[in-house]
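Below are two complexes that have subunit A in common, paired first with subunit B and then with subunit C.
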Partner chain A sequence: MRLGSPALPWLLLAPALAATVLLVLVPVGETFWLSLHDVILFRPRVRPFVGLGNYVAVLRDPLFWESLGHSVVWVVVAVSLQFGLGLCTALLLNRTFAWRAVARALVIVPWALPSVIIGLVWTWMLDFNLGLVNQLGVRWGLLEAPIAWLARPDTAMAAVILAVVWQGFPFFAVTLLAGLQAIPREHYEAAEIDGAGVVVSFWNVTLPGLAPVIATSLLLRMIWVSNSLDLILVMTGGGPGTSTHTLPLYAFLKAWSGANYGYGSALAVVLTVLLLAVVISYAVRAGREAKA
Partner chain B sequence: MDESFLLLFFKKEALFPMKRLRLFLGTELPLAAILAFGLVPFIWMAVSSVRPDEELTQSPVRLIPGALTLVHHIELLRRTSFAANLRDSFVVAAGAVALGLLLSLPAAYAFSRFRFPGRRFLRVQFLVVNMFPVVLLVLPLFFVLRGLGLLDTYVALIMGHATFTLPFAIWLMTSYIDGIPADLDEAAMMDGATGVQVLRLVILPLVVPGMVAVGIYLFIASWNEYLFALMLAGRNVRTVTVALQMFIGENEIHWGLLTAGGTLVAMPAVVLFLFAQRHLVGGLTGGAVKG
Partner chain C sequence: MKRRTLIASAAALTAAPLSAPHAQKPAVVRWWYHFDDPKASPAALVAEFEKANPGITIQAENIPWGGGADYDTRLYTSIIAGNAPDAAMVKFNNLTRLLEMDALAPLDKLLAGWSGKADISDDLWSLHRAPDGKAYYLPVQYVVLYLYCRQDWFAEKGLKLPVTFDDFQTAAIALTGGDRWGFGLRGGAGGHDHWCSFVLGGGAKMVKGGLVAPPAIAANRWFVGLHTERHVFPPSAPNDGFQQIIANMKAGRTAMTIHHIGSANDMVAALGDKITAVPVPRGPQGQGWTSFGDGSNALLAQGKNQEAAWKWISYLSTGPANVAFNKLSGQVTVTKSGAATWDVQPKRFVEATVNSLPIAATLPSTPQTADFTRTVWPQTTQKALVEQITADDMMAIFEKHYFG
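And now, the complex of A and B:
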C-alpha cells in the first residue's frame, strides 16, 4: 500500500497537536511558572519571583491538609459506592427479563446531566423545609425532625458524596455490563460442570473476566472524581465553613475568589503531582498483577 | 445424572409462578429500586417545574401534583435572560462540535491508517493530557485569553471546551475509522488517489455515523460544562449552566423558576444521550474491554 509522503500523518495530526500544545501543555507549564511567583489578580504588572515560597506556604497551611483529608474521603468513599452500586446494577442488567432494554437506557440518565443540574436536583431534594428527603424521612419515621443536610458541617460531605454517587454509578453500570457481556458463556458452563455455585462462579469466572474493565474504569473514575469540583461548588461552595473543601476546590477558590493566582497555581500543581503519583503506582500495580 | 427430566412431570403452569417470583424478587425488584434512586430526583425536579407556587411552598408536600402549569417556564423565558443564555450555550456547543470534528477527524485518520514513529506515544499522550485537573488549565488559560482580548467571547469558550473533549473525541473517532475496511482505501490508492483524497472521498462518507456520535459527545460535553464557562466568560457570553448557578446563589431561591430552568437545560443532554448512548458507551468501553 502506497502511503504517500511520510509527512502526511504529521500534517493530519498537526491541528490536533497544535491545539493540545497551545491549550493544554503551554497552560500547564504556565501554571507551574505562575506557582513560583506571587501573582495577585488586581496587581497584574508586579509579579515578584518567590521560588518555592508558595509550596512552603502550602505545606504549612492547615487548610491544605484539611482539604487533602477531605479529598481522600471524597474520592475513596464516592468511588467505592459508585463502583459497588454500579456493579450490582450491571449484574442485574446482565440477566434476562422483559423490560431489560428500557432499564438499561434509563439507568444512564443521571450520568448525562450537567453537574450544575445535579447540584440543583440534590439541593432541591435535600432542602430543609420542602425537600423530598426530609419530607419523606419525617413522614415515614426515619427522621425525627428535618435536617439541614447542606448547612451542617457533619452532614454536608455526606450530602455532596450522595450526589456524586448518583451521578457516577451509571458509568460503572454500563462499562461493567459491557465487560460482563464479553465473558464467554462457555466459562460459566465449565464452572457449572465443575459443580460451582453462584458465588464460586462469581469469584472464579466473573471477577477475573471483569478485572481489566474494573481496573480501567476505576482509574478513569478516580481521576475524574479527584479533579471534579463543580458539584461541590454548586451545592455547598466548600462550606459550611471549610467542611467540604477538597483540594481542587480550594485551589479554585484561592485563585478565583481570593484572586491569589500564585498560591492557587501551587495548590493545583500539588494536586496534579499527588494524582500522578497515585495513578502511576496504580498502573504499575495493575500491570504487575496482570502479568502474575 | 441430571434430574431435570423430572420437570417434565410437573405442569408448566405450576412451575411458572415460582420461577416468576424468583425473577421478580431477585432481579426486577432490586433493579426497580436502583432505577428509582436514579430517576426519582430527576423526575421530582421536572414535576416541581410544572406545579403552581402554592403547591411548591406547601408543607407537608403533596407527592401527586394537584394542578399542572407552565407559568414558571413562561416567566423564565420572558422575564429573565434565560432565552439569551440558551442561545449562548447553543452557539458555544455548536462551535465546540465544529472545532472538535475538524481537529479529531484528520488526527483519527492518521492514527488509524498510518504507522509512523511516535504513534503509540502520541495516542497515549492524548489520553494522559485528560488527567490534568481542570483548575490547572483554566487559571493560565484565563491569562492567555485575556492577553488576546478574547475573554468573555464565544471563541474563548469554544477553545476552552476543546481542551478536555479532544482526547476522547480522537479516541472515539479512531475506533470508528478502524471499523472501515482498509481494502477500500487500498482500492482507491490503486486508482491513483492520494491520502487526502482517500480521506475525503472514501473515509468521510463512511464515517458519518462516527461523526454523529462524536458530534453528540462534543455537544453534550460543551452544553454541560460549567467551570470554563464561569471563568473564561460569564458577562457578555453566559451559558445556561452559569446562569442557573447564579439563580441558585440568589438570596431568595425561587424553586419554580430554578426547576423549570433545570428541566429545560437537562432535556437536550438527556435526549441526545439516550439517542447516542450505544455508540458512546461502545467507544468508551472498547478500549477497556479489549484490555
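And now, the complex of A and C:
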C-alpha cells in the first residue's frame, strides 16, 4: 500500500479500533440489551423481554433518586476537595526547598495504593473503638468522645469522602505540578515588573497558564470518581442504611449481590447516559487541544 | 455416557476402599473451595488423595469469598457459561438457586453405597436434605453460632452466664460503662445471624405473617431497643462487621458477642481463660434459634468427571481427611469418629457448639434468602438502629421481602 493511500490511516488504526469495539462497544451493547430483559442470574432459562420496563422501574425507585443525590454530593465535594488540595500541594512542590525530590515522590503514594487497601486503612483509622482518629481526637481535646464515623448517617458520607480525597489529591498535585512547570518564567518576571504581587500573579499568570490542564484533569477525575465504588463498598457497604449509596454501588449491589442483572444493567445505562455529558465535554476539549 | 449410568458407575466405584489404588481413567477434577484463612492450603490433602488414586488429578481452585456474594455469583456465572467446576463447596442458602438452575447432581445413589455415610450424624443429614427430599450436598464442615462471654467480667459483677433473654439483658446493661459495651452487635453484612438469634429466637417465624405477628414485633422492638434505648451495643454497631466484633472482643471493648468456633483459638490467644462460650440465650417462651453454619461439597451436573469428583469429595468427608480438612477451615469435623478425638479448639468451645445443636437452624431455603442476608437485612436493620425507620417498619420490610 502506498504511503499516500487514504486507506492507510484506517489500516494503522484497525487494531486499536478492533480492541475498542471488542472491549468497550460490545460490552456496552450487551449491557443495554440486558437492561431490556428481566435477567435473574440463577434463572438462566427465563429471560423475558421487558422493553423499557426496567427503566420505568428505575425512575419509580426511591433508592435510585436517593443514590443519584448521593452521587452528586460524592462527585462534587470529593473532586472539589481533591482539586483544592492538589493545587495547594502542586504550588508547594513547585517551590525550591530541601528534600523536594523526596516530597514529590512521597506525595504520589496514596495514588499508587490499591483502593481496597486504602478503604481498609481508613476503616480502621476511623474505627470507633480502636481507630487512630478517635484516639488522637479525644487525647488532644478535639473530640469530647469517640465518634462512630462510619455508623452515623450524618458522618458516614463525609468519612468516605475524606478517604477518596486522600486517595485522589496526588493525581491533581502531579498533573498541576507538570502544568506549573510548563508556564514560562518570563511571564512571572513580566508581571513582577508591572508591579503584580503574589495573588495578582496567581490570578493572572498561574491560573490562565494552568487552565487547559485544570479542565482536562477535572473532567477525567469527575468520570473516575463518578464510576468508583470500591472505597464505599469496603468502608460502609453503602450504609448505614443507604446513607452512602451511590449509583454505581447500587448497580453493583443489584447485579452482583442481588443477581438481578436486568435491573442492574438499566441502572448502569442510566449512569452512563448521565456521565456522557462529562465525557462529551472531555472529548470536545481533547479534540480542540489536538487541533491546536 | 448418560448421566444416570455415570452416577451408577460412580457409586459402584466409590464403594471400593479409597486406600486401594486401582486402575483409573486419567481425570482432572476441578474443585472450587474457600477457607477463611487465605494462607490455608489443601495441598497436603490433594497429594495424599492423588497418591491413593493414581490417575486422578485434583485442580483445587481457591475462589474469593466476598461475604458469599463473590463466591456464589462466580459459581452461577460459571454454570451459565458451561464452565462449571466438577465439584464445589456450597452452602445451604444457595441450594434452591442451584436447583433452579438444574446445576446439581443428586447424591442419593452414591451415598447409598458409601461407607462413610454412617460416620456422619443423622442430624446433619436431615439439616442438609433439599426441599425435594433428595440429597445434593455432602457435609464437610459445620459450625453453630454461640455466645462468647468475658467470664472474668461476669464473675466480677456476680452475674451468671446468660441462659435467657432476661439474663442477657441484665448482663449487657451491667457490663456496659465507660469504654465497655455489653454486646458487640454485627450490624454490617453477615449480621443477620445475630438478629436471628434474638428475633427468631424471640418468637418470629419465617412463615407468611410470622414476621409481623405480635411475638415477632415484640422481639424485634426489644432487639432494636437494646441499641436505641439501652445503649448496650457500641455506637459503631450499625456498621461493624466480622473484623470489628472480633477485634472489639479481643481488645476488651465488649463483654459478649456471637460467633462460632472458628474464632475460638484467636480469642483464647488474646484473652486466655477470661473468655468462654455458651449457647445463645433463649427467648421468653423458652425457644431459641441459632444459626447453623453449614459447609458441604456438591457435584455439579455439568461436570465432566463426576466419578472422580465423587471420590474426591467423599474422601474429604471421611474420618482423618475430614479432621485435617477442618483444621484448615477452622470449623468442626462432620464425622463422629473425628469428633471423638477432636482437640483443635479448647473443650469449652466444642461443648458450647454441641450444646447449641438443639436450637440450630438455617434460614428458609428459598431464592429470597441470599438477597435478604446480603442486602435487605443490613440496609433495613441499619436504618432501624440509626432510627431512620421504626423497628416495626423493619419487620414489615422483611415480611414483604419474603412473602410479598
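Assorted remarks:
Quick note on the criterion: the second predicted complex is superposed on the first by the 259 of 292 C-alpha atoms of A that agree within 3 Å, B and C clash if a C-alpha of one lies under 4 Å from a C-alpha of the other, contacts with A are read in each partner's own complex, and residues count from 1 in each chain.
Note that a residue touches a chain if its C-beta (ideal position, glycine included) is under 8 Å from a C-beta of that chain, and two chains touch if they have at least 3 such contacts.
Just so it is clear, the model here is predicted, and its values are computed rather than measured.
After superposition on subunit A, the partners subunit B and subunit C are seen to clash. When the shared chain is aligned, no partner comes close enough to touch A:Ala101: not subunit B, not subunit C. In the superposed model, A:Thr242 makes contact with subunit C only, not with subunit B.
Taking subunit B and subunit C in turn and counting the residues of subunit A each one touches, the greater count comes from B.
When both complexes are overlaid on chain A, the residue A:Trp256 reaches subunit B and subunit C alike.
Contacts of A:Leu130 after superposition on the shared chain: both subunit B and subunit C are touched. Of the two partner chains placed by superposition, A:Val199 touches none, neither subunit B nor subunit C. Of the two partner chains, subunit C is the only one touched by A:Pro153; subunit B is not.
The clashing stretch of subunit C relative to subunit B, chosen from 2-10, 20-28, 56-64 or 344-352, is 56-64 in the chain A superposition. Overlaid on A, the two complexes show subunit B and subunit C touching the same residues of subunit A, namely 127, 129-130, 256. Remark: subunit B residues 23, 27-28, 30-31, 34-35, 37-42, 44-45, 48, 56-57, 59-61, 102-104, 106-107, 109-111, 114, 116, 119, 122, 125-126, 129-137, 139-141, 143-144, 159-160, 162-163, 166, 170, 182, 185-186, 189, 194-196, 199, 220, 223-227, 231, 241, 244-245, 248, 255, 258-259, 262, 265-266, 269-270, 272-274, 277, 281-282, 284-285, 287-289, 291 touch subunit A in the complex.
By the touch rule above, subunit C contacts subunit A in their complex via residues 69-70, 73, 76-77, 79-80, 97-98, 100-101, 179, 187-189, 234-240, 244, 247-248, 251, 253, 367, 370-371, 374-375, 378-380, 382-383, 385-386, 388. For subunit A in complex with subunit B, the touching residues are 1-6, 8-10, 12-13, 15-17, 19-20, 23-28, 30-31, 34, 85, 88-89, 92-93, 95, 97, 99, 103, 105-117, 119-125, 127, 129-130, 132, 135, 139, 166, 169-170, 174-175, 178-179, 182, 212-213, 216-217, 223, 226-227, 229-230, 233-234, 248, 251-252, 255-256, 261, 264-265, 268-269, 271-272, 275-276, 279. The touching residues of subunit A, counted against subunit C in their complex, run 41-44, 127-130, 146-148, 150-153, 156, 236-242, 253, 256-259.
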